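Quick one: the structure is below, questions incoming.
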Amino acid sequence: MNNKNFEIQIEKGTPPVNFRWHARGHMGFENVGTMIVSLMAAKKIHSETETSGDASSSPLFGAEKEGKPKETDNTISYDPIESFCKPKIFDVKIIADTTIEGVTANTNEETIFVVNAKDPEEVARQIGLGPSRVIAVDATAIAIAEMKKIGSKATFPNTAVMGAFIHIFPFISPEELYAVIKQKYRGRGEEVVDANITCAKRGYEEAKFFDGRGTDVSKAKIGAPKLLRWDEMLPGAAVYATGNMDENHTGSWRTSRPIRVDEMNAEKILAGLKKTRCTNCMICVACCPEDCILVENEKVVGINLDYCKGCGICNDVCPFGAIGIKPEEKAKKDDKE
Amino acid sequence: MTEKIPFKPLTRGFAACKGCTMTLVANAILSGKPDDTDVVIVIASGCFVVATAIFPRTAWTIPMTHVNFETAASVGSGILAAHKVLRRKGRLPSDIAALAAGLQRRGLVGRKFRVIVFAGDGATFDIGLGPLSGMLERGEPIIYICYDNNAYSNTGEQSSGATPFHAVTATTPGGMLRSEKAGGKDLMEFTLSHSAVVYAARTTLGRHNQPNDIKEKSAAAFAHDTGPVLLHIIAPCPRGWGFESSNAFTILDHAIETGECPLYHAEKVGRGHIRHLDYLPERYLGGVLHPEIHPITEFLGKQDRFVELLKRPDWLADYQEDIDYRWLGRHGLIEKCEPYGS
Amino acid sequence: MTKKKMWQVFEADGNTMGAAAAAHADIDVVSAFPITPCTQVPERIGDHIKRKELDAECLRMDGEDSAGAACTGSSLAGARTLDATSSQGLLFKAQNLYCWAGSRCPVVLLVATRAINAPVNIHDDFSDVMSQRDAGQLMFFAKNQQEVYDFALLGFKIAEDLRIQLPFWVCYRGFKVSHTTTINKILSPDGLKVFRPWLGVYERPQSLLDFEHPVVAGEVVLSEHYLEAKFGQHYGMRQAPAVIKEAAKYFSRRFWNVYSDTEEFMVDDAEYVAVVLGDDFGTLKVAVRQLRAQGVKAGAIRIVSYRPFPVKKLQKLLVGKKAVAVLDQALSSGAPSAPLCSDVRAALYNSVAKIPVRGIVYGLGGRNLEPEEVVQIYESLKHPKKWLGETEPCWIGVRGGSDKI
């Protein structure tokens, strides 16, 4: 597919372009918004014309907790930006982690999605992006490969995703992106800078495109809590203590899943030992912050996947090594099989 | 025989970071609540309230209030006073309901009542120290839980009065001391300087030698109901301390063994307070320093916030000496506590 | 029963009258921290408790911020709560003033109004209450010791009404009212027998102490619902005028007359009117009488209910007047008008034909307002062209000051 279909022009008189980054903590996306602003600021310095671009970046605060989805909003524009209100519809949405929920909120069929995934059509169907344009790049794999070359275990997909992202804006050149990456990582040493620039380059070159407009790709439903009228609320916004936070299935935050060791690496358990290492000592039950280790008849029988955040404490405290950790994406795949 | 269902007023689904120990602390404390006691929870602004109370959802199934940052103890005083006077005047809603319900619920009239305050180290050591002191001095039978993660976590890990020396936080970027002469603050001793306090303890979660330390102290907190109770509980924060979310218990083990987190309690006896050690790290066995056993590096080395400290031998020595002095120095733990095991 | 038996004579100053009201309203909790000039309020309440005229918990708090928070806690727990403060104490408590309104706590706050540091001054001024006038509470200004008692009593009735559920402030000037003893009326034992059933007890609909129906009070409310929560709070203020009117009407009928929105003196046929808060209304009356004797048609208005502001009443009172002066004992440096004048001008702007309104700042830190100065102000109202160009209030009484009345 010609990627000209995926371009948004930034010219004098065109409205500002709004995009939102969806990521989790520890994926390197904390500063992506300000990097975009720096990129546009550099343009201003280098250009001879009076106005050659403005940008804004605003992080979203709520309960700022690690693992909980983080969002950053960016606006870029040729003319000066005058409003900091949230747009109702975003022109672009960048999804760094396909397990994040609610990413199709505030979008329409013209919204372009940039996704950290192998194949754009597959991911569009898998997470329900609707009949839209999707750019996919396997950013995590690129990051792991490039960082391994310099002996680092880092897996941050941010720079590769940014490389794919700039396909949308001919106004931004890859060199400008590399310059801002260099600027951001200069404190970490040349190796790290170069590795990140390579990630961005590969992200740009290996991006795949899928124009789903007019196709039958369905859009995922978003379960937002009902918004109350003022007279439906108790005075002082008090609530009855019903514990209704259990509607919040924090299991969706999970990027790694605890697995009973007898399911995993079974061939490594020496013959003669019991099939499972678990002795039902209940230490994991006592130490689980979400209290989501399931017990029946005084035996540990499983994990409550609705709430397990994948912190791994159970894996750490088990004296018998009976709990292992599997990456969530793999676990989800294995579930399907 | 039906087992007593442990009191667990918090549902799942709260928005704490993965691996956060704060809710484990809260659940451990609340599990010690006797059946004959009603409680109201007061939480100071911070991680705990943000994780459990975002409109229109709440993780709580018992009364809770959050008013502001520094005055959690004062709000508790107000609630307690209201309970006292409303009971006296026959206007306590629960007493009225119980009476109206007749014979079966007779046991519910005049039930015991405690206010439990949860406040972080920021809300306790710094901005809330005055109100806390007022509450302790007034002698109100409030249980005050300071869950200490050594920083202002909810706002992004700024240093608080409880931040250890040379730890990197958002406001001590290179691990720089707040001032060259910065010292620590001892919340337990501050608390025990108030004569009305009936029970105070340092405790933490652990699967180590004292796995039930926190549960025992929670039971003691509820049992001591004639005056103020304070529990100072270390609650490691994966995000703030810089460790893998799975490691909290390993780090706590090290905290206890290196002497960083002493486990001790004090009770009011007569006019004063008697302190008891609940665990004696091997490093201080016999009241003597065994320098090669469990040096503080075992605790410091696992956390990114001490990266700067570990680069500087002088800071490291300073830190180790301070810990050792806390135990073995003049008026240190060994000296002021009853002999261990007695 | 004739009205006379409802009351008894009581010589007392403003603070003592406030304390008497607390006792007669059978408060449950008083939270106290000393600051001049309101300190005697909790002290006298303590006396009432000692003499078994009142059963209440007296919270000896460690600071005004703590005192305010304790009031929030006790009100959330369903107790009828009273607090008293001034100046620095009010500012220190400011967080909780907003909490009371936002969490719908009908706390009655007695304020012996005082100037704010710096410089330090313990005398009367309205700067303290004006600084927090937007915190969401009802505010009544008393002109004498009697009204401190009356408004505090009524305050509980009004604030606790389920249609309102907002805090209620009774503001009265420090020393001039708080510490000056006069001859007043308070409810007699017979009067209390009628009053107390009418007042009722405080029954908070969602109380922290209702273990059968546990509530969480003070959740974090994000942008999706905060606007609605505030509207709900504000709706209580919208309902306030009707509730105030009902309560004042009943009280006036059964006991003695109370004002509920404004008080006027010779305003009907006046051409020139001055507006003020509190006891300086008396000074205005002296000046008005003097001017009337000279043939000048002067009149005076006192705003009683400052929040909710009596917009329609004021518009009605000032129709056809030639010019108005508003006297503020508070300032808003850099603004076109001081607080009270701001509200008067705003109330008039879209309604009556443009009446010239002049703003005056006077008396900060307890400086007396002299009848002669007031006469001069009225005289100046005859010549609006001379002051219409003023872009800010005229300061009177400043030695060496350049503002001309």
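Quick notes
In order of appearance the chains are A, B and C, and numbering begins at 1 in each one.
The definition used in the following text is that a residue touches a chain if its C-beta (ideal position, glycine included) is under 8 Å from a C-beta of that chain, and two chains touch if they have at least 3 such contacts.
The structure presented is a predicted model; accordingly, all values stated were derived computationally and were not measured.
Note on interfaces A-B and A-C: more C-beta pairs are in contact across A-B.
Put simply, the chain nearest the middle, going by average C-alpha positions, is B. Spacing of chain B relative to chain C, judged by their CA centroids, is 43 angstrom. Note: centroid distance chain A to chain B, computed from Cα atoms, is 35 Å. Inter-chain centre distance (chain A to chain C, centres taken as mean C-alpha positions): 55 Å. Residue positions 62, 228, 237, 239, 241 of chain A are each in touch with at least two other chains. Across the assembly, chain B contributes residues 50, 54-56, 58, 60-64 that each touch 2 or more other chains.
The set of chain C residues that touch two or more partner chains comprises 103, 214-219, 221-222, 225, 229. Interface residues of chain C, counted against chain B in their complex, comprise 28-29, 31, 55-57, 59-63, 65-79, 81, 95-96, 99, 103, 201, 207-212, 214-222, 225, 229.
Only residues 25, 62-68, 225, 228, 237, 239, 241-250, 253, 283, 286-287, 289-292, 304, 306-307, 309-313, 315-317, 325 of chain A touch chain B when the two sit together in their complex. Residues 8-21, 23-24, 27, 50-52, 54-64, 154, 156, 205, 207, 211, 238-239, 244-250 of chain B touch chain A in their complex. Chain B makes touch with chain C in their complex at residues 38, 40, 42, 49-50, 53-56, 58, 60-68, 70-71, 73-79, 81-86, 88-89, 91-94, 97, 130-131, 133-135, 137-138.
Across the interface of their complex, chain C is touched by residues 62, 227-231, 233-241 of chain A.
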